[in-house]
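Shared between the two complexes below is chain A, which pairs with chain B and chain C, respectively.
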Partner chain A sequence: MECTAESVAEAMRAVAAVVVEHREELNRLDREIGDGDHGENLARGLRALESKLDEVPSSPGGVLRLAATTLISTVGGAAGPLYGTAFLRAATSVGDVASVDGEAVAAALRAALDGVVARGKAALGDKTMVDALTPAVAAAESVAVTGGGVAEVLAAAAEAAEMGADSTVRMVARKGRASYLGERSEGHLDPGARSTALVLRTLAGRAR
Partner chain B sequence: MKKIINDPATVVVDALRGMALAHADLLEVRYDPAVVLRADAPVSRKVAVISGGGSGHEPLHGGFVGRGMLDAACPGPVFTSPTPDQVAAAVARTDGGAGALLIVKNYTGDVLNFETAGELAAADGVDVRTVVIDDDVAVKDSLYTAGRRGVGGTVLLEKIVGAAAERGVDLDGCEALARRVVGQVRSMGLALTACTVPHAGEPSFTLADDEMELGIGIHGEPGRRRVAVGTADEMVRALLEPVLEDLPFGEGDRVLLFTNSMGGTPLIELYLAHGIAERLLAERGIVVERRLVGPYITSLEMQGMSVTLLKLDDELVELWDAPVHTPALRWGV
Partner chain C sequence: MIGLVVVSHSRQLAAGVAELAGQMAPSVAIVPSGGDGQGGLGTDYVAVGEAITQADSGSGVVVLFDLGSAKMVADMAAEEAEGSVVVVDAPLVEGAVAAAVRAQGGAGLAEVAAAAVGAGSVSAASVVDGEVVRADVELTNPVGLHARPAALVARALAPLDASVVVRFGAESADAKSVLALMGLGAPGGARVEVVASGADAAEAVRRVQELAVRGFDE
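This part shows the complex of A and B:
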């Protein structure tokens, strides 16, 4: 199974709906160890993206690029540049092809992770979205290498991202605003890791 | 939550509209993207000094736009950094041909967005430099945090570098001066109450009547430690001691003492605290040569205060004393 510009746009609309639905939860997680606006900021950017998707770009890469520029110019905070960079690198990885397969999705996820790490300078174990995205990429690649399609690749990524996000509960934050809490950040789920898992789960749910 | 607002989603823009009307002689406000500009921008052949960050810290930064301080401020949503578009628009509208200096508080979101904006502006051919301020001694500068936060020292940095730019100091000179100020300014804050971000609708943390947060930043986030509330003497000492040890400040040093309200602490308590701080510094033989007392870098309605010390020399004193005409700071004009 391969996905087209329209199916990627449809998936991004679903991501917007899910994040808006989980806005309060993400705000609450962020309030515990940060300043409580992660859900608010992401929802603002994704709502803006939703309205821009009235005109769907001609390729999957185009949709991802539109997502990137919209998030960078409307979200602010750390989430804007980090999610923006992730989508921008994914778009570049996908290129201008008309449709993408499982292998291309795994490569795009790898590019997204590399971008987030380069921009945010966070490593595994710092209690950030990297802790969800890193295992997601590994899982996606292991499924893609055996010939898995888009749906299988994303399903594996989503599951690994959820486990990765859960693992942040035990961590002490070393990056972002939560790092100022030191030991007090332990015992809380990282909001960025949680939103990453939510996004991947939604994308997986749309890829059929 | 009780606040004088219509809609949490439009708080910043609604406030900017009022600010534009209140200070039409000094400011021009643009809304898409949101930028607060000096009314006479761009000033030809002058380095543009630009800052910004989340809203909710008023008068920082928009209140410091005007002659002798900032050329532009980029207000983000409450406690959320502005986007690169805002910063890039500020650079484009204030560039007088001498380049731009971006003053960025060390918070992950601010640094990332200003970094991206700097790349955009550089691509447009403007010489842009970025100086990150990280004066908060509550955060240990180590591999295990995002680094010290930028807090009260930002106000002093903006005033001093703004004065230099107004005098015609070039971009290299402004950048070097900014780095020097960052190197010799330190701050520490405490909160007696939390604040409520409008879209959140509830306080960012809760404190018992006999508790305070020591070592807070400026975004309503909890501090490093929760401790028992003491007397004003004990509170001021708890703020000053880590500041004094950090640089360190010692006998014979000339300093600027900035006693700041987080927004909800009234001037009667702030002056009381300022008097204690002056006494404690005098006991150590430190010479308070200049002062700033008031709510200048705030966290909405949070009760609490911060103390900032800047080590002075003749050049910094002269730049501090130079004329400034902005909504929140005005002297010498």
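This part shows the complex of A and C:
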């Protein structure tokens, strides 16, 4: 089971719709420990991407690259460079092939995680999107090595990301704006981890 | 000549820092990039990239940022840039001033970046060893070693192979550092001692004397 440029574009349109739908929830999470605009920022970037996808690039990597450049320049805040870097590294990992399989998806997720860690300097347990993405990559890789297809790999990644995001509730933030709150950041779900899980769940739902 | 880019969440802050540093380094390209591009607070990745291109005369660019995600945006823009670009974690105002003056003096990329980074902790200048040239210099201008005269001294000395210390009372300062010179607080009419060592020591002292005699062109 493989996915093409058109199916990646379709999945990214779905991501835009889901994030727009969850905009208020993400804003609320961000208001509790940040500046309250995570949902708004991400929704703005993904809407911009949606309109650019009227013309679909010729390869899955091209779609990911378009997502990266659009998000970097339209999302703003820390989320723009972080999501932008994630998609850019994923695009580089995928390369120019016409379609990708489960193994390529797992490798792209690994590259995305490495990029986010390099850009944001956050480690596991710092209460950031890294806490959702790290278990997601591990789960994706364990399914990919047994020959799992794109749908299975993304389903495993989404489930692990959701559990990872939930685990941020009891963490004290050490990176990003929430870290200014210190101990008071405990007891709140990290908005970046939540949006990461949302994106992966949506991608998994679209994979066939 | 090395160029500078000042990245801030605020358009006005970036412009103000560039204005201030530019006053002391008139030939250096100091390009501000502030705000989200839509009139709000934030940083604009594309605009930062354009600012880097604009600031680069071919020798390289040092990028300073204010806080938080501005660093990430600066890092990304630097990675995408064609030429040599260094993003420095430095105090924005002092770093920009120190880097601009060092760039005006013709220093290379690493040296300009180091001047910005070192601006946060101006330490007392070390006592000069070896063959030493000294002179007592009277500050004949009304305001003494304030920003502009200090910048003139630092710039005049930058290309020389000499370590130069200016002493005022119990304090001493590295004469190639505009911030250290300003930190002396030497007022108009005061006498300072210039102590230099190294191959160009005599020339260094001569240049400081000459500037003082001219009243730092005020």
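Definition applied: the second predicted complex is superposed on the first by the 208 of 208 C-alpha atoms of A that agree within 3 Å, B and C clash if a C-alpha of one lies under 4 Å from a C-alpha of the other, contacts with A are read in each partner's own complex, and residues count from 1 in each chain.
What we mean here is this: a contact is a pair of C-beta atoms (placed from the backbone, for glycine too) under 8 Å apart; a residue touches a chain by one contact, two chains touch by 3 or more.
The model shown is predicted, which means the values in this text are computed figures rather than measured ones.
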| item | value |
| --- | --- |
| Superposed partners chain B and chain C on chain A - clash or fit | clash |
| Touching partner for A:R177 - first (chain B), second (chain C), both, neither | both |
| First (chain B), second (chain C), both or neither touched by A:R119 | both |
| Contact breadth on chain A, by residue count: chain C or chain B | B |
| Chain B versus chain C as contact partner of A:D166, first or second or both or neither | neither |
| Partner chain(s) touched by A:I72 [first = chain B, second = chain C, both, neither] | both |
| Partner chain(s) touched by A:L82 [first = chain B, second = chain C, both, neither] | both |
| Residue range of chain C overlapping chain B upon superposition on chain A, of 25-33, 187-195 or 205-213 | 25-33 |
| Chain B/chain C common contact set on chain A | 72-73, 76-78, 80-82, 119-120, 177 |
| Interface residues, chain B side, partner chain A - complex | 33, 54, 76-85, 107-109, 112-113, 115-116, 138-139, 143-146, 149, 197, 199-200, 204-205, 217, 219-222, 224 |
| In the complex, chain C residues that touch chain A | 36, 42-46, 68-69, 72-73, 75-76 |
| Touch list for chain A against partner chain B, complex | 27, 31, 34-37, 40-41, 44, 72-82, 119-120, 172, 174-177, 179-182, 184 |
| Residues of chain A that touch chain C when the two form their complex | 72-73, 76-78, 80-82, 84-85, 119-120, 177 |
